[in-house]
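Letters are used for the chains, namely A, B, C, D and E, taken in the order the chains are written, and counting of residues starts over at 1 for each.
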Amino acid sequence: MKKLSQIAMLTLLTCLLPLLSLVSEAAMDRDKLLKDPGVYGTFAVFQVDEDWWKLDKPARMSAVSEMKAVFQKHSETVITDAYLLRGLVEKADFLVRIHSPEILSNQNFLIDLMGTTLGKHLKNTYTFNGITKALAYVPSFPEELKAELKTPPPQGSPYVIVVPIRKDAEWWISGQDARNGMMKEHTDATVSYLKTVKRKLYHASGLDDWDFITYFETSKLDDFNNLVIGLLKVKENRHNKRFGDPLLLGTIRPLDEILEILSR
Amino acid sequence: MKKLSQIAMLTLLTCLLPLLSLVSEAAMDRDKLLKDPGVYGTFAVFQVDEDWWKLDKPARMSAVSEMKAVFQKHSETVITDAYLLRGLVEKADFLVRIHSPEILSNQNFLIDLMGTTLGKHLKNTYTFNGITKALAYVPSFPEELKAELKTPPPQGSPYVIVVPIRKDAEWWISGQDARNGMMKEHTDATVSYLKTVKRKLYHASGLDDWDFITYFETSKLDDFNNLVIGLLKVKENRHNKRFGDPLLLGTIRPLDEILEILSR
Amino acid sequence: MKKLSQIAMLTLLTCLLPLLSLVSEAAMDRDKLLKDPGVYGTFAVFQVDEDWWKLDKPARMSAVSEMKAVFQKHSETVITDAYLLRGLVEKADFLVRIHSPEILSNQNFLIDLMGTTLGKHLKNTYTFNGITKALAYVPSFPEELKAELKTPPPQGSPYVIVVPIRKDAEWWISGQDARNGMMKEHTDATVSYLKTVKRKLYHASGLDDWDFITYFETSKLDDFNNLVIGLLKVKENRHNKRFGDPLLLGTIRPLDEILEILSR
Amino acid sequence: MKKLSQIAMLTLLTCLLPLLSLVSEAAMDRDKLLKDPGVYGTFAVFQVDEDWWKLDKPARMSAVSEMKAVFQKHSETVITDAYLLRGLVEKADFLVRIHSPEILSNQNFLIDLMGTTLGKHLKNTYTFNGITKALAYVPSFPEELKAELKTPPPQGSPYVIVVPIRKDAEWWISGQDARNGMMKEHTDATVSYLKTVKRKLYHASGLDDWDFITYFETSKLDDFNNLVIGLLKVKENRHNKRFGDPLLLGTIRPLDEILEILSR
Amino acid sequence: MKKLSQIAMLTLLTCLLPLLSLVSEAAMDRDKLLKDPGVYGTFAVFQVDEDWWKLDKPARMSAVSEMKAVFQKHSETVITDAYLLRGLVEKADFLVRIHSPEILSNQNFLIDLMGTTLGKHLKNTYTFNGITKALAYVPSFPEELKAELKTPPPQGSPYVIVVPIRKDAEWWISGQDARNGMMKEHTDATVSYLKTVKRKLYHASGLDDWDFITYFETSKLDDFNNLVIGLLKVKENRHNKRFGDPLLLGTIRPLDEILEILSR
């Protein structure tokens, strides 16, 4: 009986999904939200608990459909991206990045996600919160460098890296000029990787135990390794009280694929 | 049988709640307690355990009513506020802030809360204790600044942030004049945000592993992010041995709504 | 059947307790043990696990009686005090302080306590060990101060605070004169609170990951907060590698009341 | 019924394994992959959970065969090595080291491994990721030393040690010459152990919360202890923000032996 | 049926134990192994899990006999000592110290121990590994001091203390002369306690996240407290990056007594 009703629900959800899809596609302007300042980003990392695997296959598949429906339902208020961390990061299976103009919407989405059958089997390992801001180009940067910084980022990169950062007191107290000087050095070190590493910055002071959440996409992890080494070599590195710990490394995959892996 | 008695209890509690409400409304002078010095504040953070979700819906609803009754019962000795952290802070679902003139009352309330059916499914992730004191306005502050500091705080803010702080030995040893100077700088940095960020301070030395519990309400998290960045830039920041870690970010919601989310 | 035998055991224990009481009252000289040097103090903090609450009421009551009998049985070799931490400290329900001239007796008591039905449901969150020593009054202290230090401590204080402390290498290497100077300053800061805060000191180096276990009783937590702030302001504070973390705050309650709260 | 099908699956897998073996043997050039730069190494540490031992013997044996098949299936895309840590490292039973030209292959292998019956009983205690690079021989090294550094490593060593390392900001900022000087000293300290300790280096900055993953094989742990003491004595040691913690010590054993130990 | 077979196994094991005993008594030269350099010591700390106590008494007794047989079986390759930590150290019930000329033997013993019924209920809280070395008497020590250092240690001490230590980079880089000077001071501080505190030193660099494992036996814990305070006062203390944390304090008891306590 129980299995039958699960299959029924599964069938129902499968039929409804395309409809939900149509609705949501009109909902949020994804490109704008990913570019605008004043947008709140929440990074929520989850790990399935051991009891999840004790559910039978139809129950797991039904739970997966229920969770997909939550993503659809909230697509009018938030945009979401999913990443698979399993295998590359301990104590973490997947990451959801949520954007919206109001962090309350991010919370309401996550409450619904965590309230599903699968959600009740998820351990929320880490959560990072941040806000996007207009890029504060340092005024004295040469035009050429500013142009390079606007180069469109690489498409179709399979890897994601998220590095939360906390600066030390000296960083903040040193004054705008000193910080500009150090950020100029920082930016110079990244220029060679603009074409292979896509970046996005979130400000986290007061929203989390971090000052910045840095987000990267790339298809060339060796380039990313060299980029980070370059950043370690500039003076700004002296002021990183924490750099990662946890650093998240994963692969960009469709939500369907991630959930399929968890319902195998 | 068991379900029937649960529904019966639920019905009974639902009938009694309005009566309890009448009683409690007369009980404590909320405004006075939130303004007076010498009041003890306890911040208790809870996370529901995985077994909670295995209870059936009527059992969860009955448990929720039982917990609401505990809030009512103690409303003569403590005032309480509830906040939803779920989705925005890992390992935390909700926060209860308790005030009373005697910390023993806070403890007795929490013992009863933790002794309910739902309470037995709660993990007490964090607890902070503090005491309010008369605001020590630094004597040399200009009258104008003192006036601004008395500006009534914003109403109806949906967000709460709690940041526990531990100062280093140099802060305490540096002497009153040095501390006054640094606090003047600190206060200057906050003035622009008086209208959008409501603040409350608790002294925690000896009551907890912190020196201060700072509490904020706001509807503009971007302002709060800028406020914190302003505070990071003053010299006092050198003396923050710990600032947050954990920082709590949540939404101010009626207890009923929070418990409804947990009993869905 | 099982319930009947539990009730029988409970009845039996209840009858035996007064007799056990008579025996133990003659056993240890409590006042002497609390005053003497060379006495070992063990502070054991426990938290009940989630399965405890799944036992039915008679089983919990029987388990409580069984545990009380362990306290009685060992009253010839150890003296014990119980404190309720639940609600005021995360991950902790109660604290037992054990004194005896031989730490082996403390261990044997705790082995028996942890071997009871309730004990098997207890998680031993923290344990601190220390030894009392003759008070090393700094020779140059004025007679008046020495007299004040002998003032009998306050009676009937409801609150307990336990702060374990680890000193840094410079403290120990700085030499006796430097330490005396700093301890003089320390003692001056505490004089005003002698009448409201009762203190006891344990030496822990080599017995635990701490150098001192400091123990306080008071009915005025605001005084205690001020006392600690006073201690933070003296130079000795520079040499506190760890001060608390965990700091334990609780209420002094009869063992019966604590166990009743846990068997509700 | 269930047991019968488990035995059937076991039999089937046992028959298939030699076939799979034939296929895979042709698959990857192990020697090349272990020598080439630009190869990604993932170190995944696992601990079996307590429920694993509650499975009956045939179920455990079937689960072991299922896992062996995953190693075979992926042998065309990754090479793997297995090590037993149980008994020598807390919270860890075994380590799998995976190499491939694309870290995605490492992840896909681990997803399959973690998706098996045994995999669902594994806790992924630690994961380290790194990339190999061409050895940057410091130009001014004497030819003789360079020759010694090319000495073929010892064969048949039973012990493995993995030490992840994070350098401090000063290391990275000090400049190439300063680092070369320190690395020359480092290399001198290791020369005497080239014949008994085999080494391999992975670069981890940006792929993990480490800068280097250092890997060692030896049959003489006393030599390795002396080698590490030698490295502690050179100036480079000042720049190890973290050295190990966790350090992994284990024995090199065939996968079959490790899985047999876990299915006893 | 199940209980009968458990009792049968218990009886069988009880009959076999004396025979096993005869075999093993000839096996390893305990005194030599405890004195020789080049011997590997492994310190494994275990805590029973909550499910252990749910086994019935005969099952626990049978499991205890099974574990004793493992100690006997390996007595030809390792020597073992058992210590009870329960009650004196949180998260730890007992400690086994294993010595053998090859750490592989220590691992094989622990694999068998952890593979027993009781072993499967043990959480391996901590493991420390070290190697003994010939005592490096500092050449300039006066003959008298060297003689005192050879004084035979006290017999029949009931207490054990294990303190793992990690030195800082300056310790190792400061040079042999500077270290000799500091060790001379260290040794002077310990001379008065040679008669009441027995010591043994293990070198751990590269085998664990420590540099030394220091092991002590004493019947006078107050002497040990004073000894440690003496060591804190010498300059070497500046170079203890970690000293304990965890420090293990326990009582030396026969394996039978320890296992009896865990099977009550």
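Here is the rule we use: contacts are C-beta pairs under 8 Å (C-beta built on N, C-alpha and C of every residue); 3 or more make two chains touch, one makes a residue touch a chain.
Worth saying up front: this structure is predicted, and the values here are computed from it rather than measured.
Where the sister copies chain B and chain C meet, the same residue numbers recur on both sides for under half of the interface positions. Relative orientation of chain A and chain C, expressed as the C-alpha superposition rotation angle, is 145° to the nearest 5. Chain centres here are Cα averages; for chain A and chain D they lie 29 Å apart. Centres computed as Cα averages put chain A at a distance of 47 Å from chain E. Multi-chain contact residues of chain A, defined as those touching 2 or more other chains: none present. Because contacts link each chain to exactly two others and close back on themselves, their graph is best described as a ring. Beginning the circuit at chain A and passing next to chain D, one meets the chains round the ring in the sequence A, D, E, C, B. Residue ranges of chain C in contact with chain B, taken from their complex: 50, 53, 84, 86-91, 158-159, 161, 163, 221-222, 224-225, 227-229, 232-235, 237-238, 240, 244-247, 249, 251, 261, 264.
By the touch rule above, chain D contacts chain A in their complex via residues 38, 40, 42, 44-45, 49, 51, 103-104, 106-111, 114-115, 120-121, 124-127, 129, 131, 167, 169-170, 172-173, 203-209, 211.
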